[in-house]
Structure formats: structure tokens, C-alpha cells
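Chains: A, B, C, D and E, in written order; residue numbering restarts at 1 for each.
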Amino acid sequence: MVSAGALEQFYALFEAWGIPWIVPRLAIMLGVVSIIIGFISVSAMFLIWWERKISAHIQARFGPMRVGGWHGWAQSIADGLKLLLKEDIIPTRADRPVFILAPIVVFAASLATYVVIPFGPGLIVQDLNIGILYIIAISSLTVVGIIMAGWGSNNKYAALGALRSAAQAVSYEVPLVISLLGPLLLVGSLRMTDIVEYQGGTWLGILPGWLIVVQPLAFLIYFTCAVAETNRLPFDIPEAESELVSGFHVEYSGMRFAIFFLAEYANMFVVCAIATTVFLGGWQGPLLAPWVWFLLKTYFLLFVMIWLRWTLARVRVDQLMHVAWKVLLPLAFVNLGITGLLVLVLSPMG
Amino acid sequence: MTAEEILQQIQSRFREEIRTAEVRRGEACVTIKADRNFEICRFIKEELGYDYLNCLSGVDWTADKEMEVVYAISSLKQPGKIILRARVPQDEPVLRSVVPLWGTANWHEREAFDLFGIRFENHPDLRRILLPEDWIGYPLRKDYQDERFVAYPWEDRKPGSVPRPTTA
Amino acid sequence: MTTINLHLQQVKERTTESMEEMWVNMGPQHPSTHGVLRLLLKLDGEVVRECIPYLGYMHRCHEKIGENRAYVQIIPYTDRLDYLASMYNNWAYCLACERLMEISIPARAEYLRVIIGELQRIASHLIWLGTFGLDLGNFTLFMWCFREREMILDLFEAVSGQRINYSFMRIGGLALDVPEGWLADVKAFLAWFTPRLSEYDRLSTDNIIWQKRIQGVGILKPEDAISYACSGPMLRGSGIRWDLRRDDPYGIYDRFEFDIPVGPNGDVWDRFWVRRQEMEQSVKIVEQGLKAIPPGPVLAPVAKKLRAPVGDIYSRVESPRGELGHYIVADGSERPYRYKVRAPTFVNLSALPVMLPGYMVADAVAILGSVDIVLCEVDR
Amino acid sequence: MWRYLREIWRGFWSILLSMQITLRYLFTRAVTVQYPEEKRQLPTRALTQHVLTIDLESQELKCTACDMCARICPANCIHLAGEGKGKARRPKWFVIDHNLCMYCNLCVEVCPFDAISMWTGKYELGGFSRTNLVYDMETMHADGFYPTIMTPRSPPGAAAKAPAAPGGGKGGGKG
Amino acid sequence: MAADYAYVALFLIVGLLFVVLNIDVLSRIIRPANPTPEKLTTYECGEDPIGGPWLRIHIRYYLFTLMFILFAVETVFLFLWAIVYRSLGLFAFIEMMIFIVILLVGLAYAWAKGALEWV
């Protein structure tokens, strides 16, 4: 985040004072984590408020208008405080350790995905060389948390939600990964910064060098799967307000519920950030600072996600499976095959 | 089929069972003895073709020491309506259930059982439907008593009666 | 919390608990049971194998109350039956009393009853469409439908002063004439409303998720529909063209031109589509009514103290939910001796255990939604 | 195969159509009324708190304690007692328990002297105790003109005993 | 290499601590705690739960898991293939297509057998 030279000087300062080398490094790392957690919290609160405003205006109403003055901007903060003050209820029949661990797993998993998100050139916590594979691996951990929540609650609705969630996660993981293979075939690297830098130029001199231009089908498949992975409408069947009441987190209250909520919005940001990185050229863009471009694109995708949610009805669980296995998966393979063929034909053989 | 024809048909088939029969507002109104209500209903449904049971309700005729079950039957294919009344003694209100003929009778009969205490033989699942299962008594009977039930002050109502206290 | 469940014990005893099946309470505190209905579902994975409804959470013995009130005093209580179509309840009750007492009502009142009744049908179907959208997970449709319903409620408020429980009709006509300019307001509303229907279609009828969710689900065969005495859109959705407005006309419905939509398959989609088209037909009827409405009084001269002659009557009307019947036994006093309401949703709901088995939990919600129940009316 | 692809395209297109209409709504005006700041204009006939109307000339209650309203009330929420004989008869006390009121307007319709009105526009009836909703004669005493079924629209300056509304039609009149 | 993942470990630990801090420290101090037996019952729409949810899950659900494992393993190979694809050329394409086609045949088989139907 800061230039390497300055960091070295900073470390050297501590060594001169005789403090073990680990302390300054840990301090810096903790600082980075705090910044990310702060960003997640603020971003989630903003998203919750934003979603409420968008949904309200789509439905010809205002949404929150009172807390904080201008258009109820402090509504999410007030809600957070309220949840902090709420009584914590753990049902007597629940499997206590699993019940308590579940929100931790969900949150820690979604937090860990932020390690490789490239907010801008240099603005990346750790540019892992397996970037995108890492993100896919870690984000599936969220599902483990959801299943734990469903199982640990010892509630039938929660159990059904967990079962659905497991099925949904395993089904959508496959087309999601295969849809990402198309762009990766072009880029030839899993590193997030490489992917962004690949998209720096232009296609045919006029279109931006974003991969969505050459991989629109992959983008659509990815985005559909991303919506499903984050359990949002129309794929929110693990929660399914009107059927399973609220599915896996039906027994959670107060702060434990808030953590689930936070993790859901954190995850939404992550999947949109990946879409931005892989398909929309990441931080690439003229005039504005790179991180502004990145956030703009990501929040645009988040807007689309919210927009979808307030437009569509929920699919049924068997239709969900149908879409994953019988529509998205074959299409993803077709996309991969065509991309492979085109790369073969168009690029000069080395 | 006109109401008169319906009456004729029923009368010619079940002469002994019928207590009264008349035509009112174009509807055939028949009062029968209760012991063969199922056969009469089956005749109406299967031979006369009136296959739609609109309504089944109990009536408590305390003055006559009798209970009554009223079937309002019609058809979706032909005009004409039948009001069939089956009377049973109040101290032993038992009838044959018509659930085998009409699925809708299931809940209606449960309701009559629930609120009037009329029992229906051969009913697949005769238990209370609207009231809790541990309720005592049959509220729509005219002699039903309950200290929680405050009757509307019809007779003793006069100007200046003290308002009912409303607690905070 | 600790309801005495004698029956439940029996249910459990007669079920050899298979390892893969479980009993789930859906309701009373469940977002999709439209009130406090309790369904006991036997689930095999996600598939419903058996359904036992439990009613009575809202029971208030409406019929006992009715036996203790004068004829005119019952009108406000009928509002509370089907609170989404109170005008229709008023109408059904007043019509039963008028038939019993042989009162004929002025022509203007007849026309106003039709106009108000059909507006009420639109309002009721709108609320149904909205909540059905909620059941399927579409929140936006719910709000849009409520916006138009509010407009109808505004019209009703201008007429009767109330938004839900109108108590507007009287035995012998209406309580008051409509205010000046009200009929023009109705016309303006219809002009606004008709294009909105195609906007709803964008979110519902035309949307593939909506179609896939409800097509071929919850099939009610015509013979079952007749056996269970289903009525209204439930019956018409099963392919039986039966509408009391046409087949047993009450009021002045024989003077109006309108179609009766039916669905061929008896699935949830057909019930949805029937109601969706009925809104258009209602618009047509209101327009005809607005053209033909004569001036004049709106209340027939009736006695201050109404007494019905000894006798009984079963009178029925086509409420938005089906056949709303009133069975009144009069003993010559100013109170009914026996007063029974044949609630359409009570009867329609009794067909639910036939429709549910074999479909999933998500379908169960859609099927229950397609019955269009109002628990206040079911439990009475 | 062709049908399969067409089905996918149809699904995709229908979702786009749905999204188009919601996007259009995103930029339309909200219909919400922000209640305490903005207030709805209630129609004249909105049934709200009861008021005992007064004769505008003599500033006296029109009520003669005939008990008609109390008798017709289905919820049994009106209680009153009168004193005096004949034309001088006036209520001694008059209590309406709004906890029980069903807002059916029957009491107003039945009143032969036009002495009670529910068309008052006083709808903010909230209280912290149920006793706050039990209104006595003092609370219900009218402070000016209130429309009733017989006098639906007379302005305060005009003759208070106008038998029908000017302009005809409006309100009509019972029977 | 391993040092790259220090951040990952740290994020996981801090994530855990953050949740624990919020729920069990911060919130515990200020929130009320009045548990009653009824409040602590399992939610089942306001009725007493009938039996428990911890049942045997039907075998048909595992079919999806099997399919998933199949394809997940495949994608691991595909990732490696995709990265070095340009340098391998036609040979890699044909070989991988054969691999994919075999898997697709498997998918088609499962499809035809009805293993992809959720019931």
C-alpha cells in the first residue's frame, strides 16, 4: 500500500531500537486488516441503506427518511446499534458450539477474500499468484458456515435452508469456475493484477480492453452464479422469506444476526469486485483515480444486483438446479470451447 | 328441473321419510326424518344430478327439543335449488355423514359438530374445527352458558345505564 | 404456546416415523399463511406428502354475535368477515335480508352497488396479486398493487368515510348517495388503472420465473372442485364456467355484458390468470355502470325496526373469493334466530389437503396463495 | 436443441423486460405521504372522533338525550343520561367509549336531531391509556360547525339548519 | 512463498476476533439477558416443535455432491491447462476437448437418468 522503500526504512527504524522484527510488521498488517474491516463495515452499511432506498424508489415510496436527517442516511448505523443492544438468544435445543461458530466462519471467510481484491495499482493487500483460485476456494467456506448455522439451530426451517444452501453452493460453483476459465485462457495468469493489466489496451482500437467485450457470455454466466452464490433473489432459496421464514438464520438474533448480515453484504462486494476485475477492467479507466474507477464499476454491479432483487420472483429449488446444471454448465463449456478455438486460430502460435 | 318436479321426484321415492315439503322462492324445501338422510342425499346427488353442496348448517330448535341440519344443494349444470332439512332429537343428535358424497361436507359437518354438538356417523375425522380441542360445550346452542359471554343488553337497556368500566 | 393437541398425538401415533420424513408446522406465525392458519405438513425432503390444516385462531363466533344483534346492527360485523372485500360482505348480507323481508331497492342503489362491488373486486384481487407476489418472492409487485388499491380505498373513503370496514350498505339500499364528482373520480381511476395492469404483467405474467413457478403446480381437478364445492376463481380455474353474476344473477347483473374467464388446467397459473382477467372484466362492468346509472334515491323506505317474517333463506353472491352465502333463519323478532355465513374461503380451503401432496414447500406457499384465503372469514 | 436455446433466450429477454419497467419506476415520484409533516386531505365523510354538535345561534347542544344512538350502537359503546322534560331535555352526561367504537356511523344516521357527528376530521386519537379513549361530554362538545348527514356542507356563517346541502347531490341525505 | 499467506492467516484470525469481540465482549456488556424457557424454544411458527430436524438426509441429494466433486476435480485440471494454454497450442486444445467431452457425456448421462432432478 505504501512504497516498498518507505516500509524498509520504517522497519529499519524499529530494528535500530532493538525491537524484534516481527512487531513492526505485525503492526502494519494489523493496520491493513483494520482498514479492510472498516471498509467492509462502512460499505455494508452504505449498501444496506442504498438497497433500501433503491427498493423504495422502485416501489414508488421513499424508504428510510428520518434517522440522521438527509434521506435517512444514518438508518444503517441506527440499525447496527439496535442490533448491538438486542438480547442474544441461543435456543436450548441448539447445538451450542456449532451455533456459535457459524457466524465466525461466515464472517472470517468473507473477510479473507479481501486479501486479493485489487482496489488499484499497489492497493492490494497481498497479490497472491493464485489470486482467483484463492478467492473461489475461500468464498466457498461461507457455505460451510451457513450449513453449520442451519444444522446448529436444530430448527426444521434452518435445516431445510442449510440443505438447500449446500445444494445451491455445490451446483453454482461449477459453472462459476468454468465461466472464469474463458477469460483466464486469454490472460494466462491467475494473479489479480495480471488480469487487470491485461485489460489495459483496447479492442480494435475503439472498444475498451475489458474482457466483457470478448467474453459477454462468460460474464452473464459468472454474474448469474455470483448472485446465486451470495444467496440473493432470485436465488435466495436458502433464506426464502416466504417459505422457510428466513432459512438458516431463523434462530439468530442480535449481534449474531448482524454478523450474518454484514457477511452477506461483504460477499456481495467481493463477487462484484471479482466481476469488475475479471470482466470490467478493474481499476482501468481514464481521468479518475484508479481506485475510484474500481469502486464505481463495482458499485454499478452491486446496483444491478439490487435492481435484480427488486424485480424478480424467487425460483424454486428444483428450477435452481435445473438452471445450474442444464443451462449454465453447458453454456459455460460451450463458451470455453469457443474461446479456446478462437485463441488458437487468432493468436500467432509461439 | 323445476322445484315442483324435484319435490315430486323426492316424494315419490321417499314417501315415508318426508315430514313437510313446499316450494318457496323457487326452491324446493323438504324436511325429512333424519334416519335416512344419507340415502336421500345420494338420491339427490346421483339421480337428480344436484351435485353441488353449497352449505350445511345446524339449527337449534330448543322449543321443539330438536336439532336441525340444513343442506343447501344446487347444481352447476341445471337451475333449481334444494333446501333439505333433517331433524334429530336434541338429546341425541346423530346423523349419517354425507362426506362420501361431497368432500366439502367434511369441514361443514365438523363445524356443526363443533358449534352445535351434532354428531355425524361415518365422518372420517370428526373433531372440533374452530374452537380449541378442550373447549367444553357447544356455543351456538341456545342454552349455552358461559360466564365470559356477555349478552347484548336488549331488555334491561334503559337510558342512564352505567357505562361498562374500561380498564387502563 | 402449549396448545392441547389431542389430535396431534393421534397423528403421531398413526405415523410410523420414517427416518426421512418430518412433520413441520407451517403457521400460525408464518409469513405466507396470510393470517393465522396452521398447516401441519409431512415433508419428505422438500416434498409435501400430507397436509392437515388447523383453523380457529381467529374464531370469534360471528354467528353467535349475529344472533344477538338487530338486523341492521349486524352490518358492521359483516365488514370484519372478509376485511379485504367488506363492501361485498355488506352487499351479501343486505341482499339476504332484502330477499327475506321482500324489500326492493331503488335503481340508483342497484347501480351503485354494482359499481362499488366491482371496484371492491378489483381492490381485493389487487391485494391478492400483491400478496401472491410476496409468496413467490416478488416484493415490488406487492407495493405497486397496494398503490392502486389505496386509490380505490380513497374512493371508498370519500363515499363511506372508512378505508377498510365500510358498513356502507343498508338493508334497502345504501347509507348515503355518493358525493358530487365521485363518479368522475371513478372514471379517472379506471383510466389510470388499465395501463397499470400491463405493468403488472411485465413483472408477473410475462416473466419467465413467474411462469415457471406456477405452471403445472397445485392441480385441482374439476370433479374435486365440485365435490369440495369450490367457488369463484378456484372453480373457474379448474375449467368450470360458473359465475353467480351470470348463472344466478342477483342485483342487476343481468343488465351487464362481461366475460367469464376460465382456465383449462386447474393449476395455480390458471387461478392467477382468471383473477388477472377478472380485473379487466370488472373494469368493463364499472364502465357500463357509470354510463347507465340513473338519478334518484338510494335507500328504499324501510321500517325503523326491521322484523323479518318467519322463515329462512339461503342467499348467495359472487364475492371476489367465491360464493358468499348467508343462511338466515328468522323467527319474526328483530334479531335473526340463526345466522350462518357460508364463507367462500372456508370451503375453498377445505380442498387444500387435496391439492398439496406431491409438491414442494415452495409450491405449497404458492398453492396456498392461489386459494386467496382471508382467515377472518375462514374462522369467523 | 433449437427449442432449448430459444427457451433460454426467452427467459433472458423476459427478465430484461421486467428490469426495464423497474428501472423506469426508479425515477418516478414516490407516492408516500410523510405523515407528521405532511397530512392527507381527508374527505368530508371520513369517520373520526364523535362530536356532539351545537346550535350555532344559541351555542347549545342539539342532543336531547333520546337514547336512539345508544340503542342502535352494535358495540354498545354509547352511554348517556338526560335531565329535563320535553324540549328542554338535555343530556346530563354522555360517554362514548372509543375503544369499542366500530365507526359504523349508525348512531349519526339514526339521530333525529342531527346532534352527533363523526365527520370531524379529528383522527389523531392516540393515547397512553385506554381511558384516554373514553370521551365525555366535555371532550365531545363541538367548538363550531361540524357537518352531519343532514347538514353535510353548510359553512359556519350560513344558516345552521339548512336542510340539504347547497349544490345538490353531495351527501344526499338518508332515505 | 509461505510468507505471502501470512495475510490470509491474519485475516482469518482477525475475522474470528472481530466477531468474538462484537458478540461476546462489546454487545455482552450492553445487551439485556432475560432468557425464559419459552423464549429459548426452537421456532416453529409459534407451536411446539414436533420431533427434530436432525433426520437422515435422503441419498438422492448426494448425487449432486458426486457431480460436484467430479466437476470440481476437473476444473482444477482446467485451471492449469488454461494458464499455459497459449504456449501449448493445438495439442492442448484437442486433448482438453477430449477430456471435456468425456465429462459432458457423463453430464448427459446424469441428465438422461434424471439424476439432476431435485425432488
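Going forward, contacts are C-beta pairs under 8 Å (C-beta built on N, C-alpha and C of every residue); 3 or more make two chains touch, one makes a residue touch a chain.
None of the values given here were measured: they were computed from a predicted structure.
Participant: Which chains make contact with subunit B and with subunit D at once?
Facilitator: C
Participant: Quick one: most central chain, C-alpha centroids?
Facilitator: Chain nearest the overall C-alpha centroid, as shown: C.
Participant: Average the CA atoms of each chain to get its centre, and name the chain whose centre is farthest from that of subunit B.
Facilitator: A
Participant: Between subunit D and subunit E, what's the gap in Å when you average each chain's C-alpha atoms?
Facilitator: 58
Participant: Could you tell me the distance, in whole angstrom, between the mean C-alpha positions of subunit C and subunit D?
Facilitator: Subunit C and subunit D have C-alpha centres separated by 26 Å.
Participant: Nearest whole angstrom, what separates the Cα centre of subunit A from the Cα centre of subunit B?
Facilitator: Centres of subunit A and subunit B (C-alpha means) sit 63 Å apart.
Participant: What is the distance, in whole Å, between the centres of subunit C and subunit E, each centre taken as the mean of its C-alpha atoms?
Facilitator: 45
Participant: What are the residue numbers in subunit D that touch two or more other chains?
Facilitator: 15, 18, 22, 25, 31, in rising order.
Participant: Name the residues of subunit B that each touch 2 or more other chains.
Facilitator: If we look for residues of subunit B contacting two or more partner chains, we find 152.
Participant: Which parts of subunit A, given as residue numbers and ranges, touch two or more other chains?
Facilitator: Where subunit A meets two or more other chains at a single residue, that happens at 58-61, 156-157, 160, 163, 245, 310-312, 317-318.
Participant: Once bound in the complex, which stretches of subunit E touch subunit C?
Facilitator: Checking each residue of subunit E against subunit C gives 38, 41, 44-51, 53, 55-58, 60-61, 118-119.
Participant: Going by the contact rule at the top, pick out the subunit C residues touching subunit B in the complex.
Facilitator: Interface residues on subunit C, with respect to subunit B: 3-7, 55-56, 59, 61, 63-64, 67-69, 99, 224, 226-229, 240, 242, 247-248, 311-314, 316, 323, 325, 327, 329, 337-338, 340, 342, 346-347, 350-351, 354, 379-380.
Participant: For subunit C, which residues are in contact with subunit D within the complex?
Facilitator: 69-70, 72-77, 79, 140, 144, 147, 150, 154, 157-162, 165, 167, 175-180, 199, 202-203, 206-209, 297-299, 301
Participant: For the complex, give me every residue of subunit A touching subunit D.
Facilitator: 54, 56-62, 65, 220, 307-308, 310-312, 327, 331
Participant: Which stretch or stretches of subunit A touch subunit C in the complex?
Facilitator: 55, 58-61, 156-157, 160, 163-164, 233-234, 236-237, 240-245, 310-319
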